[in-house]
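Next come two complexes, and both contain subunit A; in the first it sits with subunit B, in the second with subunit C.
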Partner chain A sequence: MSNEFGYLPESPEQSFGNNKGIFTPKDIYDLTRADKYTNYGQLELIQTQTASSAVVDFTNLGDFDVHFVTFNDIVLSNDTTLFAHRLSNDGGTSFISSGYQYAIQYMGVNNSYGEDKGTTKLILTTLGLTGNDTNETKNGYIYYYHLLDSSKFSFCTINSFSMGSIAEGLFGSGVKATAEEHNAIRFCTTGGDAISSGTISLYGLKAYS
Partner chain B sequence: MATNLEFINETVITSGSQNVNVDNVFSDKYKAYVVELVGIFMSTDVSNDFEGIRFIDNSGSVVTGNEYCYAGLAMYAGSSFGEVRSTSDGKIRLFSVADQLSDGQTGGTLLISNPNDSSSFTYLLSQTYGFNTSDNHAGGKFIGVHKTAETIRGFQFHESNTARKFGGGKILTYGVKS
Partner chain C sequence: MNLIQVATTTVTSAVSAVVLTGIDDDSVYMVTINNFFPDVDNKDPVTRVTVSGTAQSTSNYDRAIKILKANTSFGNVGNQNRSAFDVLTGAGTGTGEQNNAILYLYNFNNSSENSYITVQNTAINASSNHFGSMGGAVYTVQEAHDGISFSFSSDNIASGTFTLFKVVS
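And now, the complex of A and B:
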């Protein structure tokens, strides 16, 4: 108990955006754990990984309704493979390799725009063009929605820009249309080749009820 | 330490709602807002595409006149994509396909610019996802504008068909600190 102005469990009432009093570090710790301490910055970094192997797995998703991922300067080892992602329903022990649907629009700087779509896909979505020469990297961001809600499907929306033999952008969305908890994300290539380098950061969007 | 995305409001959708109002969320504190539509579904077994977003003006009235225009791409996993546009409509389309909870949900991310500026139009950029048993997976990417310069203090997620009510989901609103 800090003092008469500090946080007391009974009074004054504390909530996000409405904290009153003077707080000790323990008060702040307790209130933060109870989601009752106002601490702006609702895009919370969960983990950043540097790629250097065939897959990059995120097995700790925290407790969020919406996740956000950035991928930067991704380089693939093989010139013909695509950067992609998959979900797991067993904490990352295995990753689902069928039954996805996605709809993506692609835009090339010197070729026709087009549709990449399907209802029986092996990956959640593609994330970038082929190409592994110098500076042929993939960059972009992804939102994931209700991955951890077992009553809903797991969706994503993607935006990416990459260099291959040409520069090309992608935007669209994908789904694993099974109502179950998807508690790990894998970044991989469609050919099983290595992700040679680049960074991938996973964030959660904090909300308060 | 403050960063640049600040939580403002969570609205939990009540089953049976015809429209969902998120009011008094825009202020002079921010110029841009991020809105997350999360896991929204129908109250009954019907494949639907929710009609879209309308804004709430400074007096608390929903702007229902043909003061909106929009353009976007409706993207289907199982069929050809389509262009959707209007120069004068009573809402901004998002392309949000949904169904009853067990058959599909919709959501996405909106970026809303300048709502609190009485001398500016209010702009919206959206990217959505969805699923229903008629369309399978589908998503949208849209731009829209409320082409009247006035102060906007909130928004409404809108469906006019009285046989197609909201079943649940939530809407999160954040301010983008500048």
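And now, the complex of A and C:
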């Protein structure tokens, strides 16, 4: 609770769901930062990164139950490895490289439909087709659940469309079936090769009870 | 894209159903579901449109879903004239067994159109296997729907957080 903001004709106490008075832009900014300005639910950008090194790590996940990631125009340095993601339980000092489960449907424009699945995977899921020739980019989005909840498994769903030797879509889901906090995400390749370029944005879905 | 929260419910003690209402215009709406599981093992989630907050159980739901399974071959499920959308994974009470999903809701407020949903689901099912579902469903009754309800085929919801957002540009 706060009554530090100078509203007319008085300075009423402000809290989420109970704002009164007249607000200047600075008041709204200050109250929003203090989580005391009513703005029901939103997609909050946590960070956008442009790939400039071998991997892209997100080590600040904010405080959300559900996260949303977009990736676009991802270019890989090697022609034979897949774009992928992994989780960390130590803030990004290291990333877990075993014990994932996923189930992904792939759909090639040449009718090459099929399943990619397993219960002892080295990555949370794949995110796009191989290929690093000109215009062979990977694009898509991910929802994550319970990453920061130490009592629950961490889940995700993925949707992507990318270009390799052909164009191919993916949809699927993955889980790290270990009840622990996963407090960093790494975007990488299955072969340990670099992500040459591309943009990845991490959002949190804010909801108020 | 931005989201405006319309309604949310977190279940912390058993309830028979969760109803999210507040759909009152022709926007696309989105529902997040997480940590959704029953109080009795091996139950099927039931999802229905609502009219004035009441779940509609007429046999006018059609679905088409790809069932994703980490441990075995995937499945295709297509049915017509069901009594609910039935787009989530069969649920249990074992460690980690739960549903998480994003639903998008289309045309719910439009009284002259069918009401559609799409689903992206990731789960641990009642046999402790990692399953997911991707697809869509439609309620083929042209009437306005003000919300969506969640329950199980029998018994109660033990846990879950359900949030309804309006999608705005």
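One rule holds for everything that comes next: the second predicted complex is superposed on the first by the 174 of 209 C-alpha atoms of A that agree within 3 Å, B and C clash if a C-alpha of one lies under 4 Å from a C-alpha of the other, contacts with A are read in each partner's own complex, and residues count from 1 in each chain.
Assume a contact is a pair of C-beta atoms (placed from the backbone, for glycine too) under 8 Å apart; a residue touches a chain by one contact, two chains touch by 3 or more.
Remember, predicted model here, so these are calculated numbers, not experimental data.
K.L.:
Following the overlay on subunit A, give me a clash-or-fit verdict for subunit B and subunit C.
P.N.:
Aligned on subunit A, subunit C clashes with subunit B.
K.L.:
Quick check on the superposed pair: does A:16 touch subunit B, subunit C, both, or neither? Answer first, second, both or neither.
P.N.:
first
K.L.:
Please work out whether A:29 is in contact with subunit B alone, subunit C alone, both, or neither, and reply first, second, both or neither.
P.N.:
neither
K.L.:
Check the residue A:115 against both partner chains and state whether it touches subunit B (first), subunit C (second), both, or neither.
P.N.:
It touches subunit B and subunit C both.
K.L.:
Would you sort A:209 into first (subunit B), second (subunit C), both or neither based on which partner it touches?
P.N.:
A:209 sits against subunit B and subunit C alike.
K.L.:
Where on subunit A do subunit B and subunit C both make contact?
P.N.:
Residues common to the subunit A contacts of subunit C and of subunit B are 40-43, 65-66, 101-105, 115, 117-119, 143, 145-146, 152-153, 155-157, 159, 171-175, 177, 179, 205, 207-209, listed in rising order.
K.L.:
Going by the contact rule set out above, which residues of subunit C touch subunit A in the complex?
P.N.:
Residues 1-6, 8, 10, 32, 34-35, 66, 68-71, 73-74, 95-96, 98, 100-102, 120-124, 130-132, 134, 161, 163, 165 of subunit C touch subunit A in their complex.
K.L.:
Can you check the complex and tell me which residues of subunit A touch subunit B?
P.N.:
16, 40-43, 65-66, 101-105, 115, 117-119, 143, 145-146, 149, 151-153, 155-157, 159, 171-175, 177, 179, 205-209
K.L.:
Can you list the subunit A residues touching subunit C in their complex?
P.N.:
Against subunit C, the touching part of subunit A is residues 40-43, 65-66, 101-105, 115, 117-119, 143, 145-146, 152-153, 155-157, 159, 171-175, 177, 179, 205, 207-209.
K.L.:
Can you list the residues on subunit B that touch subunit A in the complex?
P.N.:
Subunit B reaches subunit A through residues 1-7, 10, 12, 36, 38-39, 41, 73, 75-78, 80-81, 101-102, 104-105, 107-109, 127-131, 136-139, 141, 170, 172, 174, 177.
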